[in-house]
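Following this line, the structures themselves.
Shared chain: subunit A. Partners: subunit B in the first complex, subunit C in the second.
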Partner chain A sequence: MPIFWGIHAKPPKIWKIVLGLLPFIILVSVYLTASHVRLERNSDDKLLPSIGKMIQAVDGLAFTKDKRKGEYLMLRDTLSSLKRLIIGVLAAAVVGLFLGMNLGVFPGFNALLMPFVTFISIIPSLSLLPILFISFGIDEMGKVILIFWGTFILITRDMYLATKAIHEEQIIKALTLGASQFSIVYKIVLPQIMPRLIETIRLCLGGGWLFLIASEAIAATDGLGYRIFLVRRYMAMDIIIPYVLWITFLGYMMDLILRLIIKWRYSWYVEMRKGG
Partner chain B sequence: MVKKDISYLKQKNLLHMENIYKIYDGKVVLNDIDLSVSKGELCTVVGPSGCGKSTLLRLILGQERPDKGEIFIEGKPVGFASKDRGIVYQKYSLFPHLSVIENVIIGKKFTAGLFAKKQVFIEEGMEYLKRVRLDAHYNKYPHELSGGMQQRVAIAQSLIMKPKILLMDEPFGALDPGTREDIQVFLLELWEDIKMNIFFVTHDLEEAVFLGTRIIVLSQFYTDGLPNDQNTPKGAKIVADHALERIAASTTVKKSIKNRELIEQIKLDGFSPEYLQRISEFNLRHPDSFQTI
Partner chain C sequence: MKKTVFMLWLLVTVVFLFTSFADAGQKYKVAWSHYTGWEPWGYASDTGILEKWAKKYGIGIELVLVNDYIESINLYTSGSFSACAMTNMDALTIPAVGGVDSTVLIVGDFSNGNDGIVMKNGSTVKDLKGRDIKLVEFSVSHYLLIRALTMNNMTEKDVKLMNTSDADIAALFASDSNGAVVTWNPPLMQTLNVKGAQLVFDSSKIPGEIIDAMVVRTDAPAELKKALVGAWYEVMAIMSSKEKKAKEAIQMMAKNSGATEAEFKAQLKTTAMFYTPAEAVQFTKGTDLKKTMEYVRTFSFEQGLFGEGVTDKDFIGIEFPDGSIIGNKNNVKLRFNASYMQIASEGKL
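Let's turn to the complex of A and B:
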């Protein structure tokens, strides 16, 4: 049995760990080497700062109070960004869930709104940015709405598809058990598409971060995206790189939490997906 | 043919339909179906695949509407699916997000007022689960049960609502042979025990003859006597209608000579494309059988 090559390969567990770590090790070593070479030539080089330099920078932003504002800047950036992201994506999830579900269940509602939803889904979200900033101002509202807009269409369409994927037998069966139309929507359809909603949120968070950072880069006074675009002017890679890693870590944690919620709360969904 | 008083049948019988047509995209699937089924019957419907037997069941259920004709339950026309007709499908009858006991009592919850006590439902639900011998599994999810167990839960789920008629669409079609015989015997015991009305669609002739008190053969293989009529697509009709004796709830009956002969006869009447009966020759000797012209 081959360990690595070909479609019959079955890497043993220890191999999987080693193989999984390999790209990370390569990336870090390439960086360290390149950084070392450049700093050797010019000790003021800003492009590839040393690990020590980055730790110093993080220490200054994360663990020292800012003199002017009396706050920990990195904490403040993180909290502001997370607040925008979570409000935007949650609002998108709620609207997308109810809109998509009703589009899927009620043919009349579908006839009324489906062409419209399809139309607005093609608008590139970022092109709305100036409109949002002009109409909602440059404070929180504009950013939250951009994140909302960028994610809710996808959630709506996915919830519509998830609703459509529920077998007609289930609906008819519920009717023969005396269900009202209200019960069908909220006791049969809604609980069955909830785990799918969480999966969709997982996918949409990537887009959510994109719109968050884009809007913070353009107009903000704090936030993770604001910070990296602010220090870009001074070519402060020692701040940008740790911030990018921090954003990645936050994204990963959110994804992990959502995955665990599905595993704990919706065991039937996990099993059904396995069984096909 | 003896002329029967059709309006009398309609009044007396549980299920009644006259001149039912179903047409999909200009293609006739059901061609002038006349059927009347009395109370307490376990009526099985067989026919070659694609003959429209499931369509007939869906019409009775209210999942689809006939293009012509009307269907009556206890003399009243049927509307959309509602709780006077229960259904057990081959698959997807259970709600995957609910545990077994919740699946059984969900109908009770749907129809209860705001202040109903859940505990009462659970006790009643457990009674039904005992009846289908699954009370030990009340807390599991459907995916944790075998196919046969799932179908028994689905039966309990329907029965708790005390439907006037229980419709079953190839309910045991996905089960392996051993499980299938067990659940057939189980269904017969249950049927004798609580005297319900069952309308059972299957493509398995043996199953239909074994279970039924009456067997309806639906088939598109017949001739209306016109020249070249083999080439014109025409929908299925009821080509045979037999009363069956209920002997005993034992699978040995399946092998009896009388049953074998009946099965051979039905195979000829309904399942062989080469043998085309004339409409006037259909074996419709069941007392409730009728044909409108």
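Let's turn to the complex of A and C:
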């Protein structure tokens, strides 16, 4: 049995760990080599700062109170960004869930709104950015709306498909047992598509981050994207690189939490997916 | 097999990384971005004047328009270009702080109204108190604002800053009923056209402090420096002449910058160009420049632009034409050099 090559390969456990780590090791060592070469030539070089320099920068931003504002900048950036992202995506999830579910269950509602939803889903969200900023202002509202807009249509359409996928027999059975239309939606359909909603949110978070950073880059007073685009002004890679890693970490943690919620609350869904 | 592929790949990566940092030989790349005071560079390149001077000194010069100002400086600082057009402040905070020993080769002009503070519902700097101000933080706009506030016994704490991209600043100002912005031309012109907009401060009140220059690596060969200076002053002579050629040159520059001829002329009025090398030499050797650089470095240090962990504004040294240095004498990274402009003024290029 081959260990690595071919479709029948079965890498042993230890190999899996080694192989998984390999790309990271290569990336880090290429960076360190290139950084060393550049710093050798010019010890003040800012393009590829040393690890020590980055630690120093993080220390200054995360663990030292800012001289002018009297607060921990990285904490403030993180909280502001997370607030915008979470409000935007949650609002999108709630609207998307109810809209998609009702589109799936009620044909009349579907006839009214489906063509419209399909139409607006084609508008690229980022192209709306100037319009959103001018109509909703560049404070929190404009940013949250951009994130909302960028994610809610995908959620709506996915919720619609998930509702459609529910076997009709279930609904007929519920009706014969005397269920009202209302309870069909909220007692039969809703619990079944909840795990799918969380899955969709997981996928949408990537886009959410993109819209968050884009809106913070254009106009903001704080936030992770704000800081990155601000310090770009004097090429502070020693701040930018740790911030990118931090955003990646935050994104990973959010994804992990959502995965754990599915596993904890909807173990039947996990089993169902495994069974195909 | 596995090992060979891996080693080969590693080799390619490393070689690629090294070669991309190596120098390009006899051909030198010079970066610039659109700004009223730098349009002559585009003209010099388009009309072959730059090439003529490069040939005279036996080198090749490729002038590259980088559409984003900060990106052009970052590219220069990371080693892609031998020279780049930038302001005195950015020359200090980006390449010099980044350890790239840089020389201010040509002092082209200073902003004399090209940067300004515009607001609605107010008519003096004092009216800015408590207001939200949109600007590109850490730029010359920020510097101008701090100077204006200081002159009116106010500090940055009296206002709230909002970092805003220069591409969107004019539109956002127009849509905000209580707007206040600090910006430069051309967006400055657009904001002033908005109903209710008032110019409360501009760079003509701090003349000579926001300087637009051609900055070159100090270790670049004299041929490159001479060729750039020669080409620049040939264009300056054309622009300031009374002939038909001057009008044509202005028209070309206006078109290149995306403005109408009238708009471009209006922008030139608020740009104090040094049309002759003698004027530029006099300015560079003057004592006011030292005062300006003292303001600039104090501002840069207080805003944290020298980087985390720098505790002293003397961290970097700035050298002036008379050989005097402010800041660290052992870490001189920004040099004002009038000697090439001097040669030009003597007609010996």
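Operating definition for what follows: the second predicted complex is superposed on the first by the 276 of 276 C-alpha atoms of A that agree within 3 Å, B and C clash if a C-alpha of one lies under 4 Å from a C-alpha of the other, contacts with A are read in each partner's own complex, and residues count from 1 in each chain.
One rule holds for everything that comes next: a contact is a pair of C-beta atoms (placed from the backbone, for glycine too) under 8 Å apart; a residue touches a chain by one contact, two chains touch by 3 or more.
This structure is a prediction, so every number in the text was calculated from the model and none was measured.
In the superposed model, A:203 lies in contact with neither subunit B nor subunit C. Applying the stated contact rule after C-alpha superposition, one finds that A:267 touches subunit B and leaves subunit C untouched.
Partner contacting the larger number of subunit A residues, of subunit B and subunit C: C. In the superposition on chain A, A:179 contacts subunit B only, with no contact to subunit C. Of the two partner chains placed by the overlay, neither subunit B nor subunit C lies in contact with A:82.
In the superposed model, A:238 lies in contact with subunit C only, and not with subunit B.
If you check the complex, the residues on subunit B that touch subunit A are 61-63, 80-83, 85-87, 89, 91-93, 95-97, 106-107, 110-111, 141-144, 157-158, 161, 163. Interface of subunit A with subunit B (complex): residues 167-170, 172-180, 183, 187-188, 191-192, 266-269, 271-272, 275.
Residues 4, 26, 30, 33-34, 37-38, 42-47, 56-57, 59-61, 68, 130, 133-135, 137-138, 217-221, 226, 229-230, 232-236, 238-239 of subunit A are the ones touching subunit C in the complex.
On the subunit C side of its complex with subunit A, the touching residues are 2, 10, 13-14, 17-18, 21, 70, 73-74, 77-79, 93-94, 97-100, 134, 136-139, 156-157, 160-165, 168, 171-172, 175-176, 305, 307-309, 333.
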